[in-house]
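Structures are listed in the sections that come next.
You will see chain A twice below: alongside chain B first, and alongside chain C after that.
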Partner chain A sequence: MAQQQPLPSSAQPTDVYGGDEVSALVLDPGYFSTRAGFAGEDVPKQVIPSFYGHVEGRDIFGDEVLIPRANFEVRNYMNRDSVVEDWDVAAKVWEHLLVKRLQPERPTPPSKNGLNDDGDGSGNSNNADGDGDVAMEESVEDMEKPLAENPVLVTEAPWNTAKSREKAVEVVMENWACPAFWMSRTPVLAAFAAGKATALVVDVGGANTSVTAVHDGMMLKRSVQKSHVGGLWLSGQIRSMFETNEPKVNVVPSFMVENKKPVEAGAPADYRPKKFDFEIAPSFRAFEEERVLTEFKESVVEVWRGQGKLAAPQNEEYARSQPGRVFEMPDGSNQMWREQRFKVSEGMWDETAAYPAPAGLDIPQVSKGQTIPALIKACLDGVDVDLRPNLLGNVVVTGSTSLLNGFNDRLNNELMMLYPGVRVKIHAAGLSTERRFGAWIGGSILASLGTFHQMWISRKEYEEHGPNIVEKRCK
Partner chain B sequence: MSLDVRDVLNIPEAGPRPAKKQKTAVPRTNLKGLAREVQSLGGDNPIAIVPEVSLFKKRRFGSRKPAAKWELRRFTNSARGDNGALVLRHWRRKHEDAPHPEDQMQDVQSQADQSAESGQEKADDKPEDSTFAKFNVQVAVPQYSEDQYNSILVNDDWTKDETDYLLQMVKDFDLRWPVIWDRYEYVPRGPQTGETDGAESTAVIPTPKQRTMEDLKARYYEVAAKMMVVQKPAQYMTKPEFDLYEIMTNFNPAEERRRKEFAINTMARSKDEAREEESLLLEIKRIMARTERFNEERRELYQRLDYPHTDQDISIYKSSQGLQTLLQTLMNVDKSKKRRSLAEGAAGPTPTSAGFAAGQAGPHHPSSDGPGNRRESIAASASGGHFRRDSLVSATPATPADATPTSAADKKKKGGAAQFERRKLSDHEETIYGVSHHERLTSGPTFRYEKINKLYSHKSGQQQLRITNLLTELDVPSRLIMPTAAVTAQFEVLWAAVTTLVDLRKVSDKIEAEIKLEEAKKAERDRARGVLLEAEKKGEGEGGERAVPDSQESGGAAEDGGDAAAAGAGGGEGEQAGHSETTTVAIKDEDGGGQEKARPGSSGAHKRSASVLSAASDKSAKRQKK
Partner chain C sequence: MSAQLGKWKEEQILVICPGSQTTMAQLGCGELTPPALRIPTRMFQDEETGEWRANHVEKRRRVTVNGDATKSDDEWEYIEDPDSTEGATYPIQAGRITNMEAFLAFLEHVHSLLTTTYHNTPIMLMASPQWTRPDVEAIARYVFERTRTPALCLIHSGIATQYGLKWPHMTVVDVGFQKVDVTCIYDSRVVNHMDVGASDALAVAEGEDISGGEVFTRKLLGLLEDKGFTYEMAEQLKKSSICEVLPYVPESPRLMELPEEAPVVPEANAGAGAGGAPDAQPREGGQAVAAGDDDEDAVDADKIVTEDGVLDVAKLVVEGQTKEFLAKKEKEKAEKAKAGRKGKDKEVEAAKPVRLPNSKRAKNVFHFEEVIQEEVPPQPAQPAAPAEPAKDAEKKEGGEITEGEKPAESGATNGDAPKEQSNGDEKPNPEPSTEPSEAPKPTTAPTQPALPTFRNKRVRKDIEIGLERFLFADRAEIDRISTAIYRAVQGIEDMYMRPSCWENLVFVGNGARIRGLKDNIIQTLAARHLISPSTATIFTSELPSNLATPTGTGSQTPTGSYVGGPPHQLGPSSSSGVNPLLQAATTASLGVPGGVVGGQPGTPGPTSNAGDVQGQTHHFHSQTPTNIKLAALPTYLSEWTKNGFEEAMFLGAQVAARLAFCVHNLDAQGVESQRLMSLSRVDYNELGPKGIRTHSMLG
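So, the complex of A and B:
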C-alpha cells in the first residue's frame, strides 16, 4: 500500500520529464498510407501509400514508383477495414519502410570495400575468397538483423482480430530481429497525441470513420463504432455528384493529359490525351482518379456548419447564395461549385442527404446508424454513464478527412444538439500533419516514454510464449 | 520630414531649420549596425529600430570547451520483472570519471558495430536500472486460499472460478472499473469442460451471466472487505483502513444503479429542459442570496431594537431633580472624558449613551400641555427616539460620553444639543430641516394626526359632530391627508377658530331662542293691546329685510348702519323669516346686539376674529355667499 503513494514533489527527481529514447520505430499502417518513423519525433519520417505497384511478378513500393507502366497494377495490402489483408506484401512493405528507408546505409568496413585490394587477383585468390566469404557472412548477418537495435511499435485498428495481431508480431519479430515489440490501438494513440488519457476519439480516416472511447489509456471495446463513411466514401459521393451534375463531369487523371487548353466554365474539356503504347490497368487509373478527387476534397468540399442540417430549406438557399469555388479538372474543364460542395459531405451527418452510392465501385450507401452523430451516440451508449460527460468534454478529432473545412464546427453543433446538458469540448489539432498522423504521433510519444519501457514485449517473452503473447500483454 | 523625403515630394526647404542646428550641437547616439544612409532617412528623428547585435560568434569563440561526451548506455527496467532480459540502450552523458581515453574509443566502436570485445567489457558491469522503474505501481488485490474462500467468500451468484477471474481482471486493469466492465468476458468453465463428448457439453454450457458494473464492484468489495477482516479484525484497523473497510461494506449496488439511471436521464434532457433547469438553479441561488440578506437585515434590526437593560435602580432619576443631577454628573464625566480624549489625541466623539438618558427622561414628561406645545413635544420625542436609536447602534451604554448635552433636552436645548459640537443651524435652515425646539418631550414617537385626534377627544360628542360638520362645510377634511408640521400648525389655528365659531353659534342660538320667546310674548301682549301699532311694525319689518343682505355683503356694514337696537331686532327678525343659514357676520351682529352694544371694542375684536376666519379659509366665505 505504501509504495502506491506518489512521491512527494520534493523527492521527485527534477530531471525526469518522462522521455527516454531508445531509438524505437513506430509503424502506423492505414488504408491509404503507411507511416513510419523514429519514436520521439513529431512527424513520421516516411509516409508511403499503402498502394503498391505489381509489375511482372515484382512488388514495388513508394509513391514515386506509381507511374504508368506496362503490365502494371496497383494493389493495396490493407483492406477497407484498415486491417492488413496480404501479409506477405505487408512484410515487404514494412521492411521497405523500416529497413530500407529508415535505416541509414552502413559503410562497408574498409577491409572489405574493395578499395584496399591489391591489383593482382591470382595470388590472393584464396585470401580474397576467404575475405569474400567473411564479408558475405557478415552482410547476411546484417541483413538478418537489421533492426536489432530498434524496438518496434505497430498500431492497429480497434477492431483488429487476434489472428491479425499475432501475425503482426510474427512478422516483426521473425524478420528483422527486433529486440522488443508492442502493438497499440490507433484511438488510444490519437488520444495520447492530443495529450489526453481519457478521450472520445473521432477518427475520420481514409477508408473508415471510427468512434472509440478511451479511458485512462485503455480502449473500451464495447464503445468501438465504425463505419465506412470516410475519405473513400466521400470520393464516391463526389463521383455521384459529378454524375448527376449538369454537365456531367468526367474525372480524367493528370497522367492521361498530354496537353490542355483553357476553356470557359462549364464548357467541355479541350485536351489532347496522352497515348500509351500499353494498356493502363483500371486499378492504376482508379488510384490516379483518387488523387484528383483528393485534391477536389482538399480545395472545394466543405462541411455545412450552420444551424441545423443542410437539408433545411433556408439553409440550402443560404448555401446556394454563398460564394462558390472554381475547380479545374486536370483536363482543363472547370466549374464553379456552390451548394454541391456542402452537399457531398452532408451524408456524413444526415444519411437522407447523401448521394446514391456510385455504380461499379464497391462503396455501400450510408445507412442510418453510420452517420457520425449516430456513431458517437452508439459509442457513448456502450460506456458507463459516469464516463460520458468526461468523454464529451474530451472529444479528440483526428484523421485526414476531418480536415474538411467546417468539420469541427459541425461536429460541435451536432454534439450540442445530441447532448444539450453536457459540456462538449472538441480537441482537434490545428496542424494538418498532426491531424493526419495523429496515431503515429501518439505512438511516437508512447514509445519514447521512460515509463513505457517496462511494457515492451521482449524477444525473450516472444520466444517463450509464442505470438499469442500479444493478446495477453497488449490489452 | 527628412531631407530625402522632401526631395522626393518636391517640397522646398522650409528655411533654416533649427532642428538641424540642434543636431549638430547634440552628438547623435551612435547606432551600430545601421547603414549611414538608412540612419539619415530618419532625419531629425532617430530611427526607432534597435539594431540587434548578435554575439553568437564571439561567444562561441570565447567559451570553447570540449564538447560534452555522450555514450549509448545499456539499461534494463526492473519493473518488467524479467530479470533484465530486455536490454535497451539510450544516450546518456558520459561520466566525468571516465577511466581511459582508449575506453572511450572502445565505447565508440561498440556503438558502431557492437563488437565482441566491448560486449565483454560491458558484461562485467551490469546495465543500470531505468530511472522509471520506480514509477511502476501495483494494485494490491486481496488474496485468498481455497479454504478461506469456502469458509467466508461463498456466494450463490458467483463461482470461485469467476471470482478468481474477476480478481485477475481487477489486478490487470488496476481497479479501473469502466475498463474491467468493458473487458469482462467470463466464459464459465465448469467440470463439464473435462468431459469432451460434444452433445453433452454443449447442452450444459451455462450461458455467461451479464454482469453489470455494480455487480462486479459489489462482489469485489465483498471479497476485499471480508479478506481485510480476516487479515486484521475491524477493531484493530487503523483509521484509513477502517474507512476503506466501511466504504466497501457500505457499497449499495441498487443505489448505484438508481444513481446511474438518474444520470442517464440527466444526460437525455432536451435543450429546453436543460435551460429551464439552469434558470431554476439561478433562481434558487438568487432566492438563497435574498434570504441571506433578509436574515442579515433582520438580525441587524434586532440588534438595533435591543436596548440596553439596566439592573440599577432608576427611580432616583424619575424626579426632575434627579434628572438634573444625572445631567450634571454626565456633563462632568463628559468634560473630563473630553479632556482626556483630547489629551490622548483621540479624534471624534466617543459613542454616546444618549439613548440611555433620553429614554429615561422621555417617559416622565407630562403630556398635558397646550396643543402647540404638545405638537412640539411630540416632534421632539420623535427625534428623541431617533437619538436613542443612534446611541444603540453605537451600543455602548455604559460610557456616558457626550450624551450629556443630549439629555439636556429638558433644558430647552434639545435640538441645539444635538448639534452641540456641530455647526449651528440658522433659522432658515432649521425650517428646511424641520428642526424644532421643545420645552418638554413625551416618550416615544407619535403621529401628527394623532395630535389632531387628541384635539377632538377633549370635546363632547355633540361638539365633535358640529365641528366636523363645519369642517366639511369649509371643505377641509377632518383628518389631514398630509400632516406636515406646517399643515398641522395651520390646522390647529383653523381648528381653534372653528371651535370658537361653534361656541359662538351655540351662544347665538341660545340668544335667538330667547329673543323668539320674548317676541312671542310681546306679540301676545300686542294682540292683547290691539291692532293699534300694526302698521308701524310692518314698516319696521320691511326695513329689517332690506338690511340683512347688506350686512351679508360687507362685513359689519349693518352694524355701522346706526341705531343698534332697531337694527338688531330687525336683523333678528329677518334671519328668522328668510335665511336658514346663519352667517358669521350675522352672528357677530347678533352678538353685538345681544351684548347691548355697550362694548364696541369687543365687537371690533369679534369682527377681527371673523376676518381671521375668512382669511383662514376664504372657501367658507364663498360658500356663504352661495
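So, the complex of A and C:
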C-alpha cells in the first residue's frame, strides 16, 4: 500500500481538502515529553512532560504543577522504550492535552466549579462583591463529544506492538468521539518534517536512540535498530562522572535551594536550603535532578568532533588543552569541566570509553552493538544494497539529544569512516524546536495535507472492523 | 482588497482588553491614553428568557400608594441594580473563556457602551494565551456574522504588552486575578509560555491552587479574618499604600526584614551615640533579622527583658502592651543618657516616627472606605434620587472589587499617605480588633416591598494594621511565580534567546501593583538562580552573549533597536502568521540568526570544522541567567507613567491597532504584513473563521 506518497519537500501544508475544513490534532507521546497541537501549525501548541504528579489519589499534569508538595510522587506513563505503559493514565494525559488544553473549556456545573466554596467565607459573609454565584448551564451533550470534529493522528515508536497500537486507537476513538484517526511511525514523520520521503533517520531521543531506514514514506521494518543510548543514558554518564570527580559533585536540584552565595570554583557550596515540612519523594527529586542534568548537557557537554575517537592519545591531549567550561550547580558550587565534557558523551560512539553505569539507577551499560555507528551499520545491513547510497545521502538527524554541541560533526566523521567513498549528507534542522519536535512536525504536515484526507481511518471503518483495523491500514 | 485596509481613522477603532475581572475598553487609539472605560467582566442571565444582561435585574413587587398587595403581573417592576453581583456569570476565569455565550454578549455590551455604529468600527481585541483556537474562531465567527464589523484584530496579551513597551525581546509576567502568565518573547515572537494557576474550574474544585493577585487577598483575609475583616476590606487593604511586600532578605528566617516595634529606639541610639551618649549601644546587624517570628515567643521574651534596644515585635504585638513597654524603655534611656543632653534632644526628635517609611513601621493605619446603602425613611419626592447615586456607586464599586480599577484610587491614597501617617501617630489606637467588628455589613437590597429608597453613604474607618500587612506576602506563591519564570525562560529551546529574556523582565497585570512584589520576585530570582561570574568563568567561559555569530546590526542589544517615537517592533518572524509591520523593510538588514525558520544555511562558528553539515547555527552554550533585570519602561508617555505600566497591554493594543488599521503608504511587503495583522471582512468571506489563525497577532 503506497498510502503515504512522496512529499514535495517544499509543499506548504494546506488544511483544506475539497472545501472541507480539517482541524486534525497531532499527538506525539515520548518518554520525556508529550506533544500535541493542531495539524498545519509549525510547533506543537502544548508540550508537557510525560512525567505527571500523583498526589492523594489524583493525577495532575503539566510542568507547572510539578512543584514540591506533600505526598507528591512523580510518575511517568510511558516506559523507556517510548511505548505507553499505563493506559489509564495515558488516556488522562491525552485528554488533558487534546481536550482540556486545546479545546474551549466547557462550563462546569456550579456545584463543582469551585467558585462557590472558595474558603474565604465570602460566600456566606453577605459580601456582595466577592465571587458571586455563577449560574452555568450543564451541557451534557458537549461533554460527551469533545473532539467530534477533530481527527487525531497519533505517533508511535517503530517497535510499537500490535496490541499497544490497538489500545491507542481504542482510547482515541472511544473516549472523545473522534471522527477519524491515523497512526504513524516517528521516523517516517521525522523524515517528512525534513521534507524527505526516503531517509535514514537517526533519532537520538530522551530514553533511546533509534536508527531507521524510511523508503518512499514507508518504514523498512527490518532496518529498525534501537538502543538505550539517549538522553537518560547520558544523564547516567554524567552522574557517574560526578561520582568519580574529585571532589564528588553533589546534584542539588534548584527546588531545594532557597538562595545561594557565590563561591570559588571547586569550593563547597554555600547555600541556604529550602525547608519543607513534608517529605520529598525520591521520584520528585530525581525528576528535578534531571532538569539540572539537562542544563549541564545544554551548556557543558560536547561531542568530540575531531578526527578519530577521543581515546586516541593525541586527541585526548588536544581535548585537555581546549578551553573548559564552568558549570554552576543550583546550589552555587561550580567547577571547570575540561576534557571530561567530551569524555562523557564519548560512549555514544565508542563503548569502551563510556563511564560505568551509575549505581542504584536502572540504566544499563552500553554494549558493543549499541553505539550510534554500530546502530547505523546494523540498520544499513538490514536493507537492500541498492538503497544504501540513497539513504546515506539523506541522513535525517532528529531528537533533542542530537542537539549536543558537535553531534553532527561527529556523526559525519563516523559515517565517512564507515562508508568511505559514499556521499554522506546529513540533514539536521537548525532550529532546536524542529529537532526536538521532529516527529510532531512531520505529523502536522502529513495530517494537514489535502492528499492525506482520504487516508484517515474513519469512525465507520473502526466500528465495522474494530481496533484491529489499525494493523491492516497503518502499515 | 488590501487597499481597503488602512483607511480607518484612529478615532474609529474600538480597543478591548478583556480580563477575568475588569475589561478595559476605549474608542479610538489616537492619543495612546490609559483606557477610557473599565467595566467589570460579568454578565447576568435572565432566568426566564436566557438573555444576557449587563446588570443584575431584580424583580420587585410594585408597591402602590395605598400599600395594597398586588395581584396581576403588571404589578411587578424590574429594577436594574448595577452594584449587585448576584447571579453574575464571569465569562473569563483565569484567562480561559468559560462561557462563550456570555462572553460574546459581553463584547456586544462593551461595544454598545462605546459606539453605536458597526460598519466603520474595526475591533482590536486582546486575547489571553489560554484562549484556544476554537475559542478564537468562535469569536471571529460571531464578530463577522452577527455584527457588521469591518475588521477584527486579535492580539496575544504578551505581544500587546510588548507593543506597549517596545523591547524586541522580553519576558512578560502577567499577574492577573487568578492566574499568572509568563510569556517569553524573542524578536516579537512568543518563544515560550507558562501559566500558573489552576488548570480549570474543575481543578479549583479539586483543590488545585489558583495563582495571581487573588492569592494575596485571600492570604490577607486569612490573617485578619479573626479581626473581623471581610473580603472587601482585605482587598482594599491589599491595594492600599500600607500593604507591601518587603524586600527579599536572603539570610532572614522569614526572608524579609520585618520592622521592629519601635525602630525609634535603635535609631535614637545611633543619634545619641554620635552625640556622645555613653551607654548608647551600637545597633547590631543580626537583631533586626532575628526579630519578628511568631513562633519564637519563648526565646524572645528573654530578649525583651534583657537586651536593650532589641525588641520582639511579635511578642509585643501579641500582648498589646506596646505603648507601655515603649514608654518604659524611653524613660530608662532618658535616665541613662542624662550625661548627653544633646543626644537626648536628638532622640526626642527622632522619636517622631512621622518620617519613617511604611516598611519600617510595625503598625500603620488603614483607612477603610465603603459605601453603605442606608435605608431612608420614605420621602415624598424621591424618584430621581436613587438613580443618581447608584451611578456614582457603580464607578466606585467597580474600583473596589476589581483588580483593574486602581490607578485613580491608588494615586489618591498615595497622596494621602503622609497625612495618614501623622494621624495615626497622634491618636494611637490600642485595640484595632474591636473597630472592624462594628463595621456595618453592607445591606443587600431587601426584597420585601418596604418602600425601598436608599442613600449611598461613604463611610470611612481607620483600622490599625500590624505586621499582617507584610506577612500576607505568601512565600509559596512568590516561589511559584518565580519558579514559573525560571522554567519558562530556561525552557526556551534556543539558548541564545535566554539572556535577552532574562534581561528584560516586565511585570504587568494589576496583580503586580502590590507594592514591592515585582522587586521581591526579582530579588528572589537573583538570589536563587543568578549564575555568579566566578573567577574561573571570567577567564575561560565563552563570551557571555552570542557574539560568536556576527550580527553587526545591533539587533541583539535591546537598546540598539530602541528608538523613540511611535513604538514599533522589528522582527522577522516568518514562521508565525504575525508579521509585525515594517518587517519587510528590516528583515533584509537584520541578520538575526535562527529568527528565521531553518533552511537558512548555518553560519558555522569558529569551532565548527564541518562546514558541510547543516545546522548548528549558534554557538551559544553559556549558562543563564547571568543577569536578571527589569526592562526599562518608556518615560515619554506621562499619562501612562502616572497610570503605571501594569496595563501596558492596553497601550500596546492601541499601538498595534494603529499599525494594523491606520498606517498608510506602505510598500508592497508592508501592505502584505499589515494585511496579516488583522482579519478583514473581505478575507473572512474568503477564508471563514479559520482565517483568524493566520490573520491575527496571536504570536
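Please note the rule applied: the second predicted complex is superposed on the first by the 421 of 475 C-alpha atoms of A that agree within 3 Å, B and C clash if a C-alpha of one lies under 4 Å from a C-alpha of the other, contacts with A are read in each partner's own complex, and residues count from 1 in each chain.
Heads up, the rule we're going with is that contacts are C-beta pairs under 8 Å (C-beta built on N, C-alpha and C of every residue); 3 or more make two chains touch, one makes a residue touch a chain.
Owing to the predicted nature of the structure, the values given are computational and were not obtained by experimental measurement.
After overlaying the two complexes on the shared chain, residue contacts for A:Thr433 are found with chain C alone; chain B is out of touch. Of the two partner chains placed by superposition, only chain B is touched by A:Trp456; chain C is not.
Of the two partner chains placed by superposition, only chain B is touched by A:Tyr419; chain C is not. In the superposed pair of complexes, A:Lys145 makes contact with neither chain B nor chain C. By the document's definition of touching, of the two partners only chain B reaches A:Ser223; chain C does not. Judged by the touch definition given at the top, the superposed model places A:Asp386 against chain B, while chain C stays out of reach.
A count of residues in chain A touched by chain B and by chain C gives the higher number to C.
In the superposed model, A:Arg320 makes contact with neither chain B nor chain C. Applying the stated touch rule to the two superposed structures, the overlap between the chain B and chain C interfaces on chain A comprises residues 21, 23. By the touch criterion stated above, chain C contacts chain A in their complex at residues 42, 45, 83-90, 93, 96-100, 132-135, 138, 194-196, 198-206, 208, 218, 221-222, 225, 230-232, 235, 250-251, 255, 397, 400-401, 441-442, 444, 479-480, 483-484, 486-487, 490-491, 493-495, 524, 527-529, 531-532, 534-537, 540-542, 575-576, 594, 597-600, 602, 608-610, 612-617, 619, 621-623, 688, 690. Every residue of chain B that touches chain A in the complex is listed here, in rising order: 77, 79-80, 82, 85-91, 130-140, 172-173, 176-179, 181-183, 213, 260, 263-264, 266-267, 269-271, 273-274, 277.
Those residues of chain A lying in contact with chain C across their complex are 15, 21, 23, 38, 42-43, 45, 58, 60-65, 67, 96, 100-105, 107-108, 112-115, 117-122, 125-130, 132-136, 254-255, 257-260, 262-265, 272, 295, 298-300, 305-306, 323-328, 330, 332, 334-336, 397, 405, 408-409, 412-413, 425-436.
By the touch criterion given at the top, residues 1, 3-4, 7, 13, 16, 20-23, 149, 151, 179-180, 215-216, 218, 220-223, 383-389, 417, 419-422, 449-451, 453-454, 456, 458-461, 475 of chain A touch chain B in their complex.
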